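A single structure is presented below for examination.
Letters are used for the chains, namely A, B and C, taken in the order the chains are written, and counting of residues starts over at 1 for each.
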Amino acid sequence: MNTVVYTLGELAEQLGATLRGDAAQPVSGLATLQDAGPQQLSFLANAQYRKFLENSRAGAVLLTPKDAEDYSGNALLIDNPYLAYARVSHLFETRPKAASGIHPSAIIDPSAQVDPSASIGAQVVIEADAWIGADVVIGAHSFIGARSCVGAGGRLASRVTLCHDVRIGERVVIQPGAVIGGEGFGFANEKGSWEKIAQLGGVRIGDDVEIGANTTIDRGALSDTIIGNGVKLDNQIMIAHNVQIGENTAVAGCAGISGSTKIGRNCMLAGGVGLVGHIEICDNVFITGMTMVTRSITEPGSYSSGTAMQPAAEWRKSAARIRHLDDMARRLQQVEKRLASVTPRGDAASDA
Amino acid sequence: MNTVVYTLGELAEQLGATLRGDAAQPVSGLATLQDAGPQQLSFLANAQYRKFLENSRAGAVLLTPKDAEDYSGNALLIDNPYLAYARVSHLFETRPKAASGIHPSAIIDPSAQVDPSASIGAQVVIEADAWIGADVVIGAHSFIGARSCVGAGGRLASRVTLCHDVRIGERVVIQPGAVIGGEGFGFANEKGSWEKIAQLGGVRIGDDVEIGANTTIDRGALSDTIIGNGVKLDNQIMIAHNVQIGENTAVAGCAGISGSTKIGRNCMLAGGVGLVGHIEICDNVFITGMTMVTRSITEPGSYSSGTAMQPAAEWRKSAARIRHLDDMARRLQQVEKRLASVTPRGDAASDA
Amino acid sequence: MNTVVYTLGELAEQLGATLRGDAAQPVSGLATLQDAGPQQLSFLANAQYRKFLENSRAGAVLLTPKDAEDYSGNALLIDNPYLAYARVSHLFETRPKAASGIHPSAIIDPSAQVDPSASIGAQVVIEADAWIGADVVIGAHSFIGARSCVGAGGRLASRVTLCHDVRIGERVVIQPGAVIGGEGFGFANEKGSWEKIAQLGGVRIGDDVEIGANTTIDRGALSDTIIGNGVKLDNQIMIAHNVQIGENTAVAGCAGISGSTKIGRNCMLAGGVGLVGHIEICDNVFITGMTMVTRSITEPGSYSSGTAMQPAAEWRKSAARIRHLDDMARRLQQVEKRLASVTPRGDAASDA
């Protein structure tokens, strides 16, 4: 389905890599070292895969100059082979090109503005006063609410929902099923029952953001929920009202961020992480998978919670002991005191 | 986009609040104490924000009589400022009013009954024998399955899916992407492979329920899955077949409730909580974030599991020690016994 | 709404069960022992429900020959009553039969091939070169991307999204909101910002797979993401790029599986389980709810992580102690050493 072919020389030039070997070598795709065939380009970016280099059938390999010393085949030498792989990958994109123009089944409010260069898919609904920028692609079944904007170069897959007053920056990619601007979970309790609080804010998404499948980003209660430039959000992430996420922070799948929490720049949240509301995470924080974050973090670094996996029978014993850990700690203190009273090296003078 | 303006006097009257200051003060919106401008109403509901009261530029503030003692600006005095904020918030709703009637692109089975006062959005599909009550709003791309009902005053956002035999009470709000009535996870194992069990029950949702974006509520296996009146469900919650949730219980985002579990009234489940199947939670239980609930709860109160976050390097040590906690506990017992044999205050008479 | 009636004799014959009692007894539905009425068939598959057998009003009960000894009513005797229930359940399915043919509002690319026996629902979009097999049912608002295939007998509920190059085997059931083939979370970091990696692989789903509501399965980065025959996936599961899941493995709701992880056959992952990327789980592994799996598993068996739920006040003490567990362990070692120096049974000769 993809018949584009480059020569290795052409790729070297595009990447600014040093060519070693046959400049005329045809390259029709990318593959891992294990899977690559003689017309495919591969890469070595992780030392644990070095063992596959020697016997790879790849037509050429992206390598650091140092790794290339051990390899005699065609190679493109470059400082960051993984970044080079990222860049070259787009040459072999398999996603079909969107049809230009507006599909006749799309329903677009007369007051909405759609740039003539945009592509609007089948059965898209665009409501009043929405604005769609240049070269934007909106997939089938997507919904753009009133007064929402999608900046130039954006790409919404099929079935993306933007509610009203959602502002999306430039070159933003949104996967299917994402919901931006749903109403946040705001209720006041009165004698046991819950009174809904209207969610009056919107959502502002910066440039170069990526939003994964079925991720939800709620609109703000009063002011906007804000996602900074370059933020990358994986699938099934839940971002509550008035969260703020700083530039270039990446969040992996199934993470949940509670209301009004503010996350700094260049952070990484691994999968399944949960953050309570109304806290602040400073820049350059890494949170490991499934960690529960219940307080602000003011120092860059890595943070974790949870317990390590064990065979279930052993785990049951550990879990039972944890429930009595406070008692254990008190008994240990007691033992230390008593021991001090019978040995010369004790630091507790009295056992009273 | 919202140009409605009230006078402070009008708001005082609507809320039953005591006006202090200028009754003619115009109010065109709501904002936090920090953000509010001179035409905005703010509120103080949380002591940690009291520090922003003095210098707030708000045109007026919702305050308890006691908090108002420290404030000289325009104020609306009321016992529960947060509840008053909830009520007044709807006056400034920014959500566009739904067009009345049935959008021409909607596809409605002739046997379905749609109240003339209902609003049916673009490309909605309504199947046979469905019933849509008075003043219901159904957003674009929503799907109402056969024999499903939406009670009066309901509001389904765009892209909501109700499968067949889903009964929704009155004034229910459902956010985009929610799926009500999908088939539960029911399989019988036969020699390693799984045989599907038809999911014959439906879903019954009470009045005044709110259901968040991309939340899923499965239909029952035999009888119905039941969500009580006044229940509030946040985004991305997973409710399995035959779960029952009691009145006015609130569940925060990303919680998962396994099959046939029954939750009482006025409970609160924080984000990411998980419950195993076939257990019962009594009324008035609060479960903290990301807690794993593996047994029934019969006493009201707060419950938790998990560990506190640490810097990752310290966490690794804790996690390693937990795996050997049973051994530690046994060694502590041993130490206590031996210590008893060498000190006069021991309570273990023999060290045998 | 469902008026089908069988005689007990007919059901005995269909199931290969031994009839005890009235062969003419009419059966018009299924119910639990507690709920069943005189025209309903029930079953006893779990010893904890045996207490309901004696007073059940069920017209007949599926029982093992042994359990039937205590019961005098009509019964169908069979070795595996739960499996028999699974099989008979489909006779009473309440799901409306899909209309045959292609709904006039569906938008199907001329190059797509749709079997004449397939049912294509309202407002379905099928893109270029897609292929829909015999007897496939595709619900309203579903989207089938370019070159994607749905094998014979497949049933996609309403609003299912298959992106391009997704191959679905035979008899696969997909619930609403599922997204198959979204772009995986692949980025290379360059000086703090993230460069997107094109996701060039597809997704391959085997035969007899079930995929739950709002579950997401990402396409592969280079090669395909692969779900084996007979795999059952519950709702809101997140499967990242290049994951492989072996035959007949079942995964419960809200589980998350990170990129390139490989899971064996006949495994069971309970709800909320999370797996890091690039690990391997062998066949016949059971992972309990909300466990965090951070390493490969090479031995069949049950595995767990996390802590047991406690009342929150006690939990806070346990959690605080866990943070100092490494210190406690060191102190216990010290106590043991010192105790050895003052008692004759010490195994540490020196306290230096």
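Going forward, a residue touches a chain if its C-beta (ideal position, glycine included) is under 8 Å from a C-beta of that chain, and two chains touch if they have at least 3 such contacts.
As the structure is a prediction and not an experimental result, all values here were calculated from the model.
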Inter-copy rotation, subunit B to subunit C, in degrees (Cα atoms; steps of 5): 120
Type of subunit A:subunit C copy interface by residue overlap (half), same or different: different
Subunit A and subunit C, separation of their C-alpha mean positions in angstrom: 25
Subunit C, residues touching no fewer than two other chains: 123, 141, 159, 177, 214, 236, 254, 290, 306-308, 310, 320, 322, 325, 328, 332, 335, 339, 342
Residue ranges of subunit B touching subunit A (in the complex, touch as defined): 1, 29-32, 35, 80, 82-83, 85-87, 89-90, 92-96, 103, 105, 121-123, 139-141, 157-159, 173, 175-177, 208, 210, 212-214, 230, 232, 234-236, 248, 250, 252-254, 266, 270-272, 289-290, 306-313, 315-316, 319-320, 322-323, 325-326, 328-329, 332, 335-336, 339, 342-343, 345
Interface residues, subunit C side, partner subunit A - complex: 107, 123, 125, 127-128, 141, 143, 145-147, 159, 161, 163-165, 177, 179, 182-183, 185-190, 192-198, 200, 202, 214, 216, 218, 222-223, 236, 238, 240, 254, 256, 258, 274, 276, 286, 288, 290-295, 301-308, 310, 314, 317-318, 320-322, 324-325, 328, 331-332, 335, 338-339, 341-342, 351
